[in-house]
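Take a look at the structure below.
Should a chain be cited, it is by its letter among A, B and C, assigned in written order, with residues numbered from 1 in that chain.
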Amino acid sequence: MAGNGKSLDGNGKQPVLVVVQMTGGNDFLNTLIPYTNPVYYDSRKTVGIPEGQALPIDDTLAFHPQAAPLKEMYEHGKVAVIQGIGYENSSRSHFRAMDIWHTCEPDKIGDEGWLGRAVRKLDPEKENVLTAVNFGRGLPRALSAPGVPVSSVGDLDNYGLMTGIEEKHRMEALDIFKEMYAPAIGSGPVMDYLSQTGMDVLKGADVLKQAPAKYSSEIEYADNSIAKSLRDVARVHLADLGTRVFYTNHGGYDNHANEYPDHPRLMTELSGAIMDFFQDLKQHDAGDNVVMLVFTEFGRRMKDNGSGTDHGSGGGAFLIGDPIQGGLYAEYPSIRPDDWLYGEDMRHTYDYRGLYATVLEQWLRIDSPEIVGGTYEQLSVLR
Amino acid sequence: MARPYALLRAGFPYVKTLGMRRVTNDPVDVALDDGMYYVLNRSGIIARLQWDDDGSWDVGDLKPIAGSGAEDGKFLWPATILIDRARTLWVSDENTHRITNITREGEFISKWGERGDGEGRFDGPAGMAFDSDENVYVSDSRNHRIQKYTKDGRFILQWGEFGSAEGQMNMPWGLAVDEMGSVYVADWRNDRVQKFTAEGQFLSAIGRPGSDDGEFNRPTGVAVDGHGDVYVADAGNDRVQLFSQEGRYVEKFIGDASLSKMARDYMLTNAGPLRQREMTSLEPQKRFRRPRSVRVDDQFRMFVTDMGSMRVQVYQKDAEPLTPDLILPPPRSPSLVTN
Amino acid sequence: MAAQDLSLTAHLMRRAGFGATRAELERLAEKPYEELVEDLLHPERFPEVERDLLDRYLSEPFATIPVSVGIWIYRMVNTKRPLEEKMTLFWHHVFATGFSKIQNVNAMVRQVESFRRHSLSNLRGILTALSKDPAMIFWLDNSENHRDEINENYGRELLELFSMGVGNYSEDDIKNCAKAFTGWTFAQPIPLYPQGEFPTEFEYRTDDHDDGVKTFLGETGQLDGSHVIDIIVRQSATARFVSRHLYNFFVADEAQVPAWSEAPPRDPAAIDALAKAFESSNGDIRSVMRVLFNSDFFKKARYGKVKSPAELVAGVIKLAGTHTEPNRGLEAVGVAAAAMGQSLYDPPTVEGWHTGREWIDGGALNERVNFAVDELDDVTRPGIRDIVRRIAAEGGSLAPGRLVEQCVELAGPVQVSGATREAMLRFAQAGGELSFESEDAAERSARRVARLLQFIVASREYQLA
């Protein structure tokens, strides 16, 4: 079923995907903690979560103490943890690893993002400039594909052209802009294209402007970047502008040093923001068609380095939302020292492209092989 | 402390290395306290290192302080860090044109300075040094002059102008004051060190452009020890040079670093870099790369902020002060009879 | 000096460099055009960017990618050798190597420095330096190209993307080209931790080099990489392919590179002229550029080419008169270019950036317009002050039509369409005549001039060079 960017009737709302990127390599071992395993405590002498502090979900695994909201949602069956996610020969370079996640090309340099390709299928006629909206400056490679329009919003409350001009003069400036970009006969294909693009940008900004104006909520999001971003996602989603894919990121996970107190702070921010976001949607009765995918480019090393942890593999991802059948998926990577990769790293147990395929096929309902480059084992994670 | 008449220079061996990439990124200067070292990074972050256990730099009391920013207590382009007798820290910032005073825990105390070329204004305050009354000299780099202030920011005097003649300057940087009150200026773009009286009267100069002994390529930092020896961070030549109090070239340091404790711990938990270190020559890894400042403490230990290699190298001076009855006066001519 | 000459000079400086301030243009236009071209072709006549300042303020040798990008844009804006810098960008564009894989700032910066050093020299020297460049060797896996285990990646791209273009050689030629480059690798660099990056150097490993007899493009012998490069430079396909790249970069937008084997050039005669210059000089790039800049097809090709983000950013900065010394804002400028779709030091693939209208999409246009408008939003910027001063110097009061005329002239001159001119005129008329009689009036007038400049840089026409 191809999307047309517009909502269907009450029961048939279009599925919406919200992607949250944890930038820097989240320490999965300290997010979902094997709290009864002595190897964990041996390996994590400095950054380990002391026994008794983690939040158990069964007799082997426990959430990070600061991830209480996530644990609460997990207990309500809204959180699926995809354990041990990764790929062969996991790259330890942030840039390369992130590229691999974004383009589904572990073996060569890819130039198209998996979500860019998805958007091309969701809105083949480019009917809606807001089919995909990224919150942040510039475009993540995941969303970039030639000819696929994606809106990148740095600041939702001040989005659009010539935002640097003070408010009282800006309307006048935009009028002049509109006149300057008016299509004219015989000005040639490049000028025509520029006119069209300029008009599209004006239109997109005009539509997006409705979102803050329409929004009201009782939820008070915290004052941090991911809470702000997810509030922006909520505002645009609730404005019903036909957006199918939202993208945002939460930075700071590269905890080589200062993992304590940095990582606990990130857990607080992220899990609090996710909780607030879904409560916000729930209050507006707008959460049943939203799935959130939370991922990171890699996990971290088994042993800490006396202050933090270095780049590793064997990470974890999350799918969150009402449509999700909560629980643990794939296998927790073995933390037995004999099983360590290069004697220092957890082995992945599940290929990330299977998760993408799951989301594409079962949630967004589009074919996945040409997007993720092949066929991968999917999960039965949707209700 | 009175200056010795002369010295028996026994040696100046390498002692140890502090810091590493990520902890002391782009270190530009270091302030020496009792057992604690405040390494100022160009990013605005001040790392706090201990002599004995620099591996525990981020635990408890040793978390880094300050950071990048224009707000009070943070820095955009910090250049120099000093510690005063009350054991608070002073930092110059070439980007915000301010001198800032913070506690050793990083709490903001006060600031002064703003951009301009009049008295009491700065354009790129870089070097800083206290005199014995804790008045502070500042090299006002883009105004090509030295200014002297009280600690609370009251202007006292200034000297210098753009040029290359005696007493003129071209983007001065590092500063030092000796115990007699003389002021040494690393006259960066003139490739020399100038010495002035406390009031700014020109006394003498060391060096000229070049890479031979006693020559400089953009000297960045200068220090004077209790013997009157002058140390110059000769950044463009990747070395530190040592001169006697008369300005005679004595020796140069090119770097002899080993792994700091934290670097050793890091390497032992990283298999790939361990192998790569094993595959490569140690030679370049020991050397200074663009040393930014040199400091000497009262135990005659020399601290060099080895900016390019993101660490601080420490050396220990070993010298016996001599009185005139122990050493002949300087002769007029050399002698072949050396036994 | 006739206005036509100034407009031609401005065109030359936009294409051969990154634009010029009005004062620079007036000075440059005093020289005959051909002499100006010779100056551009001989960067060694002019001083280099002062490296000690970069070292002092931006710690150049040990910088991060954002800082390195900022430094590069600083060079584009402040260089006294504009063509050297433009050619450096050209080679980066053709020999696209990306930090995303290299992960070594020093190696990337040194590669680009090598392009700068070789910017206008012979293609033989350029390809030799390229083949010995550690970043390129690692990027295209020549470090994995062993005597007993060939990796064809570099051999293939050298022919397909860096010199001849598809259709001019066989698969066997590729294999033998790859064999000729076995053993061309680099020394293991010292690891990043704990003391930062160190440079690495080209290393030739005799024991890993296949010194057997090979046939490449009809020539047989114990060929190694340098023989292969000699043969490549002699091919007329190389002359045409490099000429087309130069045409696409300096004259007018062509189709994207992969289409070249099928789509004919826009201007076959132009390619013929450039290829002839290449062949008669045995691959001397300076000689080809001399023909290019002095040709009619170049002089006529005004405002027909979409600016790359780097050109747009550097051009706006020159107009605003900002960033004339190293400062912290440079990092943000690099981020701006990346947000417009050009991450310097990190092109998306070995094919480099797609050019022409593919530079523009909604997000990119938004970034371009906002960056340019923001950069000109402060009337105290030296570039705006200079233009205001020139307009005020006309004396008395200025009619709206004349005001628009002057702004368009002094900001470029920019060639604007009727719609753009009329929109600006409407703005100018709403404010009445421009006056500098009182301090208040001068202040108001300065703001109106700045606003008109903002409209100019926001216009469709300004997206074109």
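As a working rule, contacts are C-beta pairs under 8 Å (C-beta built on N, C-alpha and C of every residue); 3 or more make two chains touch, one makes a residue touch a chain.
Quantities reported herein were computed from a predicted structural model and do not represent experimental measurements.
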| item | value |
| --- | --- |
| Centroid comparison with subunit C (C-alpha atoms), farthest chain | B |
| Chain pair whose interface holds the most contacting C-beta pairs | A-C |
| Subunit A and subunit C: spacing of chain centres that average the CA atoms, whole Å | 35 |
| Distance between the centres, which are taken as Cα means, of subunit C and subunit B, whole angstrom | 40 |
| Rounded Å distance between subunit A and subunit B, as computed from the means of their C-alpha atoms | 47 |
| Set of subunit C residues in contact with two or more other chains | none |
| Residues within subunit A bordering two or more other chains | none |
| Residues of subunit B touching at least two other chains | 22, 262, 266, 270, 272 |
| Residues of subunit A touching subunit C in the complex | 93, 95-96, 99, 109-111, 129, 137-139, 141, 146, 149-152, 160-165, 169, 172-173, 176-177, 179-182, 184, 187, 189-191, 193-195, 197-198, 200-201, 204 |
| Residue ranges of subunit B in contact with subunit C within the complex | 20-22, 26, 42, 76-77, 94-95, 171, 173, 188-189, 218, 220, 235-236, 257, 259-260, 262-263, 266-267, 270, 272-273, 276-277, 279-281, 284-285, 289-290, 307-311 |
| In the complex with subunit A, residue positions of subunit B that touch it | 22-23, 55-59, 63, 262, 265-266, 269-272 |
| Residues of subunit C touching subunit B in the complex | 52, 55-57, 59, 61-62, 187-196, 198, 327-328 |
| Residue ranges of subunit C in contact with subunit A within the complex | 98-101, 103, 253, 304, 306, 335, 338-339, 348-350, 354, 356-358, 360-363, 365-367, 369-370, 373-374, 377, 417-420, 422-424, 426-427, 451, 454-455, 458-460, 463-464 |
